[in-house]
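Note that the chains take the letters A, B, C and D in the order they are written out, and that residue 1 is the start of every chain.
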Amino acid sequence: MRQRKLKVGLFGAGRLGKVYARELVRSIAAVELVAVADVDAARAQEIADELRLPRWYAKPLALLEEKDLAAVIIVTPTNTHHDLVIAAAQHGKAVFCEKPLALSLADAHAMQKAIAANGVFFQMGFMRRFDKGYAAAKQKLEAGEIGTPILFRATSRDPFRPSLEYADPKNSGGLIIDMGIHDFDLARWLVGEIHTVAALGNALAYPELQNIGDIDTAILALQFTEGQIGTIDLTRNGVYGYDIATEIVGTHGTLRVGYLRETPLLVMKQNHIAHDVVPYFMERFAQAYPAQLQNFVDNVLAEREPPITMQDGLAALQLAVAATEALKSGTAVAVSSF
Amino acid sequence: MRQRKLKVGLFGAGRLGKVYARELVRSIAAVELVAVADVDAARAQEIADELRLPRWYAKPLALLEEKDLAAVIIVTPTNTHHDLVIAAAQHGKAVFCEKPLALSLADAHAMQKAIAANGVFFQMGFMRRFDKGYAAAKQKLEAGEIGTPILFRATSRDPFRPSLEYADPKNSGGLIIDMGIHDFDLARWLVGEIHTVAALGNALAYPELQNIGDIDTAILALQFTEGQIGTIDLTRNGVYGYDIATEIVGTHGTLRVGYLRETPLLVMKQNHIAHDVVPYFMERFAQAYPAQLQNFVDNVLAEREPPITMQDGLAALQLAVAATEALKSGTAVAVSSF
Amino acid sequence: MRQRKLKVGLFGAGRLGKVYARELVRSIAAVELVAVADVDAARAQEIADELRLPRWYAKPLALLEEKDLAAVIIVTPTNTHHDLVIAAAQHGKAVFCEKPLALSLADAHAMQKAIAANGVFFQMGFMRRFDKGYAAAKQKLEAGEIGTPILFRATSRDPFRPSLEYADPKNSGGLIIDMGIHDFDLARWLVGEIHTVAALGNALAYPELQNIGDIDTAILALQFTEGQIGTIDLTRNGVYGYDIATEIVGTHGTLRVGYLRETPLLVMKQNHIAHDVVPYFMERFAQAYPAQLQNFVDNVLAEREPPITMQDGLAALQLAVAATEALKSGTAVAVSSF
Amino acid sequence: MRQRKLKVGLFGAGRLGKVYARELVRSIAAVELVAVADVDAARAQEIADELRLPRWYAKPLALLEEKDLAAVIIVTPTNTHHDLVIAAAQHGKAVFCEKPLALSLADAHAMQKAIAANGVFFQMGFMRRFDKGYAAAKQKLEAGEIGTPILFRATSRDPFRPSLEYADPKNSGGLIIDMGIHDFDLARWLVGEIHTVAALGNALAYPELQNIGDIDTAILALQFTEGQIGTIDLTRNGVYGYDIATEIVGTHGTLRVGYLRETPLLVMKQNHIAHDVVPYFMERFAQAYPAQLQNFVDNVLAEREPPITMQDGLAALQLAVAATEALKSGTAVAVSSF
């Protein structure tokens, strides 16, 4: 007898949406991708054709009317998460939602309420937790290999700035919410809760970001509840490549997660020895994205609790919102005041 | 209108055969895997069930009677390649054959004859050529980045010895044919033809290999036709992990391909800083295997010439046979005498 | 005709003082070390015997009465710098003073005044500027290789805490002044002036430091005058070794200075590949210390301006004092208010 | 009471001779360098002036008449070692002789005889044994950390060819004797005695070497007496820098000694991450040269046995001579036949 397949619909056929669609069709055996929806009809049709999907939609909510649809995966711009999550909850669908949860805490609270009211499964998308390196770090931490964490240090660097439309704080929430959300989630997951944040930032490499009220580089200082401290530096100006590095200094050792080489080739010429560099997030986290989707599908089918909850999405957003406010006010702020 | 799919059958459901089956089903859109065959019926059934394949066979040749079968992929033990390739050719199927081509040059010549006589497509399986690192090295070589190659240096290390049954020269051809064949192919592909080989070897880490007439460690010295020289060291006793490294020293620079870390995690403790290591070939070449299968499928469908030919398989085998003989005789031998 | 030698006296025969004494005698040709002074007579005698110095003193100021003494090198605890620098200036000696300049800005201003009033040569000791790596980074920055700096990130880690006596803020100034002073100097030298600092810190690995009012770990956030931002993390708990790393992210590239391996030996065992680690500052900066002394001697003999001035010492101290205050107050502070 | 100083004379004021002279004067406390001798009077005078040595000689043998001279250090071209060592032995001086011992085994045997007949102390110069990395590898080997060695692999690469005058086999012995001698010594020291060698070589990067009967690149294959095997690759064409790497694969692990970075600076630009490279042997072995001289001085003063003997020099030379002959004959040769 054949295994039951989970019928899922995908919201979003952009850069990441296409990757998700291909993974769902090609790599994840227990899933049947029945349709994709995107307000840009051409994009929806293109990926549906490529993967020979039965249907596609340009009106996203129509996807929720699909017969037998058990779950939805949301990879649309952040400012649409609120409406889609609530609608999906009202239709009784299991939901996977890409980070960040929302652009405002008010939206996030409304989403949380709708999920709870409808009793549907919800899993937050923080794919770094599924990266082999971060997973191994978490395991070693829990095994006590470095004792108790005392210092958290994270770096997130894009190789270049996104489009001004994408970067616009109205769409993305701004640098700290858009990029920093991952580091906030890692800080909570690997070290613990944070009660105060401070922030510094500026638009130095891409001054045009000032026009839309955004910055390209930031430093965040974190005070954890249990006394540990942390620092996160973010920049859109990695230039040399996509650089995600995280470190936990403990009382008995240190863990460093990071990875910069794209191919195992070293070019050795007069004056220097050089290697190439991971270009962007899809290459760096090529293993983590399908692992995350597989996990979501397995959880829904097996009726297991999600490893990353709505509350995780909300807490990371709260930190990012607090840090954004700390940047504006120029002072450290208590996270609980948001 | 939907794209035409290539109907393929798979010979071999062992360690690598299973990986190929999964890749064919999950990652390669233009293929339809119709059946798998293995003399071990349980293995054939197991993977057929896992992937919900229509049929499986315990009598390999029965697979060739599959209606509409266009191509076969051979991942069985080397001593079966001769019969399967010739039968497939006689049935007019396109053939992909895993390395090494055969255990003897006589077998290889008969296979070459059958392929030619039946006019079927044949592609040799040397997956390293599809690894991003080796592909980038080849490209840089051809772009002249390091001038003219003068020295070839290669290391192939397994983390432990295979089973004595697998290692038995009657099945695998012995260390030099089984492991060295990849390095011989790389030497020809990256530098050029070789006219003389010498060999040293011994069973030092696994003395039990002497009982089956095999060794665990070897050094091969190569004299290329254009004057360059080369050295290959092989061992079954990597212990620390699976270590494949290749270097070409040129007149204006050097290229090094190699890769040892499994995860991007560094553990830093008192007295040392350590990283983990790629455990084995499926992890090291996780990207190359599906790339190679995709290439085969694309070539058959588009009626393109194979990038790795029967002649490439034969030439590498000739080198490996010559080196095995050089080891026995204790003197350098001319490759053309085989 | 033989070259004139600079007659120097050395204040301090502790851990670093002994290294300086040996370098002066063994590596620096144009110097004659005439005497060493230390309040601990045994220590002074020991190094004088080892190096066969003519004389030693247990009353430091007696050293200044040495006939023909042209210069003094001060490597005593920070809380003695004030008195020694002023006395040396009044005796008309050229002065080299180890970092930090003093424990308080009031002391530092008095020292600055004495140097100016007596018109003597003064060179501040920040040996990192003489490290080949930092020197190369400075050169590349000035050559515009990475465009304009936008982000400064520094890490300083001791492998363990110093003695409580050494660490006592009354003697060392506390973690931020004692360790951070180097990073503040690098930030100014490599990026520019800083106008605001904030700080977080705690005693987590060595809670006993709380008893003397010190911490083991700190994060400093810097706002540079020209808009750039920076972060420094300090800890006494490197555990895995002495780790000094500094990074400047620029508009067109990034420079990273850092070095962790002690010997060029890699040990490759089952489960990991490990290298050893630089144990402490004398090993990491083994090349920088004599280079700095050589530079001081050359400058005095050639009557050249010092590359690191009293003002550099004062500015770094001002930053460290401000950061220490920021830690206490919990808010960012303007550097100019100190 | 002051420690007795060893009065030494230095033969050779070339590139390496100057380094030795400076180390003797500046770094080694228990030595008094009384004179330097070089057939090039200008060179001898230059270094004598720089270091303010009492005397210098253009007729080398005159140095041996120095009153109270206890030891000599020989850093002259290899073809002069025979005469100088024998003369020094006849004058009863302790001798340190730079590698290789001589150009011919006949010369070497005569030198061995003279040393024995006069009962003088003799220490062979193989500085790699004093490098921290090689010393640590030796120690770990002896501690059994990697079990029993089974494979030896070494690489020696100069960044460019030496002058044709230096390279001329009449002066240097040719590539295998001049460069390979270090690797032969390491092979014996780290693994054991060798009974057969084979060699391949060619002049590919610098074809002009053919005119003087030399090559620029070679591969040596070694058969150790206890069954282990080894490979050494040598080239004058490192291009990217001075690259000395040695590996011992053991039954339970692997040791790798090697080091390529010159400064701890990483330059990260679009498309690659690059570090600089150790330029040449004096930089790579900057620590080993003075350590070796210190050891020699200590041994003579303390009347201790030398750690590297005349026999070590002779055995390495025998291997290099055998390998040179193997290259000419095209067959493996028994070392004992030389």
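Keep this in mind: a residue touches a chain if its C-beta (ideal position, glycine included) is under 8 Å from a C-beta of that chain, and two chains touch if they have at least 3 such contacts.
Note that the structure is predicted; figures quoted are calculated from it, not measured.
Participant: Between chain A and chain C, which partner chains are common?
Facilitator: Common contact partners of chain A and chain C, which must touch each of the two, are B, D.
Participant: Taking each chain's centre as the mean of its C-alpha atoms, which one ends up farthest from the centre of chain A?
Facilitator: D
Participant: Roughly how far is chain A from chain B, going centre to centre by Cα mean, in whole Å?
Facilitator: 38
Participant: What is the distance, in whole Å, between the centres of chain A and chain D, each centre taken as the mean of its C-alpha atoms?
Facilitator: Distance between chain centres: 57 Å.
Participant: Using mean CA coordinates as chain centres, what's the gap between chain B and chain D in Å?
Facilitator: Roughly 42 Å, centre to centre.
Participant: At least two other chains touched by the same residue of chain D: list those residues.
Facilitator: Expected reply: 239-240, 252-254, 267-270, 276.
Participant: In the complex, go through chain C and note every residue touching chain A.
Facilitator: 148, 150-151, 153, 155, 157, 198, 200-202, 204-205, 216-219, 221-223, 227-231, 233, 235, 237-240, 249-254, 330-332
Participant: Using the touch definition from the top, list the residues of chain B that touch chain C in their complex.
Facilitator: Chain B residues touching chain C: 239-241, 260, 267-277.
Participant: Show which residues of chain D lie in contact with chain C when the two form their complex.
Facilitator: Residue positions touching the partner: 2, 25-27, 29, 51-52, 131-133, 136-137, 140, 145-146, 252-259, 262-270, 276.
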